[in-house]
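Labels A, B and C are assigned to the chains in the order they are written; within every chain, residues are numbered from 1.
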Amino acid sequence: MHKATFEQRPQRVALFVTCMVDMLYPGVGIATCELLEKNGVEVVFPEEQTCCGQPAFNAGYRDEARKLARRFLSIFGPLVESGEVDAVVAPSGSCATMTSHFFEAIFQESKELDLSHQAERLASVTFELTEFLVDVLGLVDTGAHLQGKAVYHPCCHLYRELGVDEQPRKLLDSVEGLEMVDLPHAQDCCGFGGLFAIKNSGISAAMGRAKARSAQQSGADAIVLCDVSCMTHINGILSREGVSCRAHHIAEVLNDHLGSSLTTPSTPPPAQADHPRRWGE
Amino acid sequence: MSVRDTILSRLKATLNQPDLPFPPQDSDPLTQAERMTVTHAPGDRWAQAERFAQELNAVKGSCELLETETEARLSIISRLQLWQEEEQSARKTANAERAGDWDVLCWPLHQLQIESLPLILKEMGFKLIEPTDLHDPEQRERIRSIRAGITTVEAAFASTGSFVVGGRGANARAASLTPFRHLVVIPFSKLFATGEDWLAQMRFAGQLDAFVRQSRNLSIVTGPSKSADLEGILTMGVHGPKVVHAILFDDVHE
Amino acid sequence: MQVDFHAPYKDRVRQALSDPNLRSAVSRATDRMSDARHTSMDSIEGQKLRTQVRQMKEHVLRNWPEYLEQLETNLTSNGCTVHWAEGIEDAQAIVKDIALQNSAKLIVKSKSMATEEIHLNHAMEEAGLRVVETDLGEYIIQLADEPPSHIVAPVIHKRLEEIAEVFQEKLDMPPTREPTKMTSLARARLRQEFFAATMGISGCNFAIAETGTICIVTNEGNGRMVSSMPRVYVAVMGIEKLVPTVEDAYLQLQALCRSATGQNLTVYCSMTSGPRQEGDVDGPEQVHVVLLDNGRSRMFARGYGEALMCIRCGACLNACPVYQEIGGHAYGSTYNGPIGAVITPALAPEIGQFKELPHATSLCGACREVCPVKIDLPRLLLDLRSDLVQQGVSPKSEAWGIKSYASLMSSRRTYESLGKMASIGSNVYAGLSGGNIKFMPPPLNGWTAYRDFAPFAPKSFRHWWRQRKKLRGQT
C-alpha cells in the first residue's frame, strides 16, 4: 500500500481512538493523545466516531461493515481532504488495518469506486501509533522510565498486514530501566481473532495459554503490545490461569502510565488522566 | 456432452466472466530468460564435483572424486568388494542360511565407458544381472533379493547432489531402486552445475521434449531413500536404496 | 483420547484439545518442518521463487482449458490413456474398471490426496480388491484405520509409542521402539506387495503439459515403485495440477520441496511420460491418467481460483497455530489446516456443508507468509465467511447480533449511551464477583468459559476529552 510522505512535519492529526480504547481502556487513548501532543502534534478527536465495523467484516457481514465504513469515511475523509489534519493515528494495528486495507476492498467488492478511492486516499495517511511516532515523527526515545523486564508481542494485523514491527521495538528499547527480553514463538498468534474467540473459544484459549506459557518462559514481568483487543484476551487468560504477568498497551508504557516499576505496586496514574483503567483494578 | 467437454466448457465460461477476481487478465508465462536458477554451483568441473560430493554427503549419500577412468575402475571394484564383505558378515551375524552368490543388478556396463570393467568383475566372481524383461516372473523373482545395483546417469547436478536416471531400453529402472545399495557412476561429462543448466542445454539443443517423452520415466534422485514418518526420526532405506554411493571421475580433462 | 473423525465439529475439537499427546506430537513436528522451511527458503532468493511460481500458476489458470487440452494430447500421443472424472463416483468407477479389466487383485498405492478426496481405497475394497498404502506414514494409518491428518506427513498426530503399538498389533512385530527396526519390517512387508501387485496408483504432484509427463515426488521411493513395478499404473490428478514446461516443473519442484520439508529436492522426483515400449526392461505396460474435477471448476467459478494454485506443500499447516492446537482430524475433512479450511467448503457442492471451517482460524496470516505461491488465505477465509452470510447459513442469532451492533454503532448517541450502560452494568456485576467478570450469558459465555473479562471503564476516553476541553475553556 502506498503511504504518503510528508514534506513538512505533520502539525495536526485526527485521533481514531477505536471503540475498545474509548469504552474499555481510556488510559490508552489518553496516553496516545499525550504522546502526540508532547511531540508537538496537535490532536483532533472527531467525536462522531464509533466503531470501524471490523467485527461485522470479520464475521462475514459485508453490508453491515460497509454501513459503518461509510460512516467512518464521512467523518475522517473530509478532515483529511480539507487539509484540516495531516494524518489519522490509531493506537491499534488491527483497527488501522480495517480502515486502511479492508475498507478499500469491501467498496471495490460493492463497486462503490468513489468510496474505495476515498478509502485508499485515507489509507495513505492512516498510521498506527508507533508507526507514526517512528516513521513520521522520527522519534526513537519517548523519554519514558519503567523498571522491569518485558517482552514485546507482535499482534498479527500490525505485524503481517501493516508490516510494523521494528517501530514499537525501537521505542521500547529506549525506555529507561526496561529490559526487553525475547518472547519464544513471538510471532505466533495469541488466539484472539475477533469472532474466533467466541466461536472457537476452546482453540482460542489454548492458543492464549500457549502465549502465556511463552511469556512465563521468558521470565518477563509484562507483555507489551499495540492492540487492546489481543490484550483483553491475553489478560483474560492470565487472570483466569492465575499468572501474575499482565499485558499492557505500548502507549501506557511510553507515556509512563504504569508507575515506576512493573514489579512493585504502581504509583497512582497522572491526575489529569482521570483513572486510566488498569486490568483487574 | 462428454465429461471432458462439460469440464472444459465450464472452465471457459468462468474465464469469460469479465469481473472474475482471479486469475488476473494479463497473466504472462514465465519466460526462459526470467526464470530463476534456484541454487548455484560456480567454478570449474572439479569445483562442481566437490560441490556435488558435499551436497550428496549432506543428504547421507557418499561420494568419491577420481581423476581417471583407471582409478574409477579400481574404486568400483573395491566398493563392490567392500559391500560384499559387509553383507556377508551381516548375514553371518543374522544367522542367515544363504550367504551364497553376490549378484549385482546393473545397466549394460559398456555405458559406464570404463574399459574391461565387466570382464574384471566377472572374473572376480560377481554375477552381473542384466534383466531383459522384469514382468517375466522368473526374472522378476531373480532380482527380488538383490542387494546391490550399478547404474550410470543421464545427468547429475552439482548444486543439489542430484542425478537423473532414465528408464528405457536395457536400463532397468529397478537397478537404481530395488537394491539395498546403489553404486552410481558419473563421468564428469554428465555433470552440470545445476538442474536448470542441464535443462537449458537440452532445450537449446532442441532435445528436451523428445528426451523427456522417449525416456518414459526419468527420476531425479537426491540421496538414499528415507522417511521422517516415525515421529520425525529420520530412518534410511524405506523402499529405495539405503546406501547411495557415487563415483565421479574426470573423463573430460579440461 | 483419539479424535473421532465422524463426530460433529465441536466434539472433534473438544477431543483434540483434551489430548495432550496430540498437541505435543503435532506442534513438535510442525515446528521442526517450519524451521526447516525457513532455513531452506532463507538460503536462496526465496521471495523471488515464490513470486515466480505464483506467476507461472496464474498463467496456467488464466489459460487453464488450453493447457488441459495440451496435456491430454501429449499424454495420448505418448501412449497413455486419459480419463476425465466429474466427481467422486465416476472417478471411483474409472479406476475400478481399469482394475477389473486387468484382473488386478492387489493394488499398491503411493500417498495421494486426490485419491483420499475420492475415498478410493474404500471403493476398491468394496469391489473386493486389496489396496495397500506404501508410504510409511500412510501404511501406518491404513493399519490403524484412520485418515491422514497432514498433507505431507499423514501420521504426524501419532507418537512413536503409538506407532509401535499399531505395528505390534497388526504386523505381530516383537515389542520394540527402534525406528530402524520398524522401518525394516515395513520395507520387507511392502516389498512383497510391490512385487506381487498388478496395479499401482499414485496421485500427481504436477503434470507437464508440453511433454505429457506425470510427476510424483517422494522421499521413500514408493512413488517410483508404484509407477515402475506393476503392469498397470494409474495416476489420479486434480485438473489444476498443471505446469507448462519442464523448466516450470523443475522450478515448482524446488518450491514444493523447500516449503514442505526444507529439502533442496526430495529424494525422488519420478516423471512418467508413457508406458513401457518394446525393448524396455521394466515399467508399466499401461499408463492411465484420471483428470479429476470434483468441484475444482465449481470453486473456480465461485471466485476461489487463487486457492487452485496450491501445490500441497503443507507449509500453511505447519505455520498455523490453530492446526498446532488441534491437528488435522478435528477439521473432519480430507484437506485440513488453512488451505483445507478454504478449499474444503469451496470445492463442496454447497459451501454451507462445511460452515465451521472458514471460522476455524484466527486469521493471523502466518499461512500467507509461508505459502510458496502466496495464496492470500486469510482474505479467502473472510470471503467464505461472507458467502456463508449471503447464503443465510450463519446462525440467526449471530445475524441479529451483528445487525443490531451495526445499527447501534451507526449513531453517536446510541453508541455513547450503550457505552454508559455497559460501564455501569459491567462494573456492578464485576464488583459482585471480585473485580472481574467470570461468567457472561450466551453467546459471550464462549469468552468467559476460558477467560476473565474486566468491566468497562467507569469513564470513557471521550468523557476525558470533553472534560479537558471544558477545563481549557474550549467549546
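Criterion: a contact is a pair of C-beta atoms (placed from the backbone, for glycine too) under 8 Å apart; a residue touches a chain by one contact, two chains touch by 3 or more.
A quick note: this is a predicted structure, and the numbers were derived from the prediction, not measured.
A.B. asks: Listed by label, which chains are in contact with chain B and with chain C?
C.D. replies: none
A.B. asks: Taking each chain's centre as the average of its Cα atoms, which chain lies closest to the overall Cα centroid?
C.D. replies: C
A.B. asks: Which pairing of chains accounts for the highest number of C-beta contacts?
C.D. replies: Top-ranked chain pair by contacting C-beta pairs: B-C.
A.B. asks: For chain A versus chain C, what separation do you get between their C-alpha means, in angstrom?
C.D. replies: About 33 Å separates the centre of chain A from that of chain C.
A.B. asks: Could you give the separation in Å between the centres of chain A and chain B, each centre being the mean of its C-alpha atoms?
C.D. replies: Their C-alpha centroids are separated by 55 Å.
A.B. asks: Could you list, by residue number, the parts of chain B that touch chain C in their complex?
C.D. replies: Its residues touching chain C are 2-4, 6-8, 10-15, 17, 20-25, 27-30, 32, 34-36, 38-39, 55, 59, 131-135, 140, 144, 159-160, 162, 167-174, 177-178, 195-196, 199-200, 203, 208-209, 212-233, 235-241.
A.B. asks: Within the complex, which stretch of chain C touches chain B?
C.D. replies: Per the touch definition, chain C meets chain B at residues 25, 28-29, 32, 44-45, 48-49, 52, 55-56, 58-59, 61-65, 68-69, 72, 74, 78, 84-86, 90, 134-137, 140, 153-155, 158-160, 163, 179-180, 182-183, 186-187, 190-191, 194-195, 208, 210-213, 219-222, 224-225, 227-229, 231, 239, 244, 246-248, 250-251, 253-254, 261, 263-277, 279-283, 285, 291, 293, 297-298, 300-301, 303-306.
A.B. asks: Residue numbers of chain C touching chain A in their complex, please.
C.D. replies: 13-14, 17, 23, 321-322, 325-326, 358-366, 368-369, 379, 382, 384-389, 394, 398-399, 402-403, 405-406, 409-412, 415, 419, 422-423, 435-436, 443-444, 446-447, 449-454, 456-468
A.B. asks: Help me check something: in the complex, which residues belonging to chain A touch chain C?
C.D. replies: 17, 19, 21-27, 29-30, 33, 45, 47-51, 53, 55-62, 64-65, 67-68, 71, 105, 156-157, 160-161, 187-189, 191-208, 210, 232-233, 235-237, 239-240, 272-275, 277, 279-281
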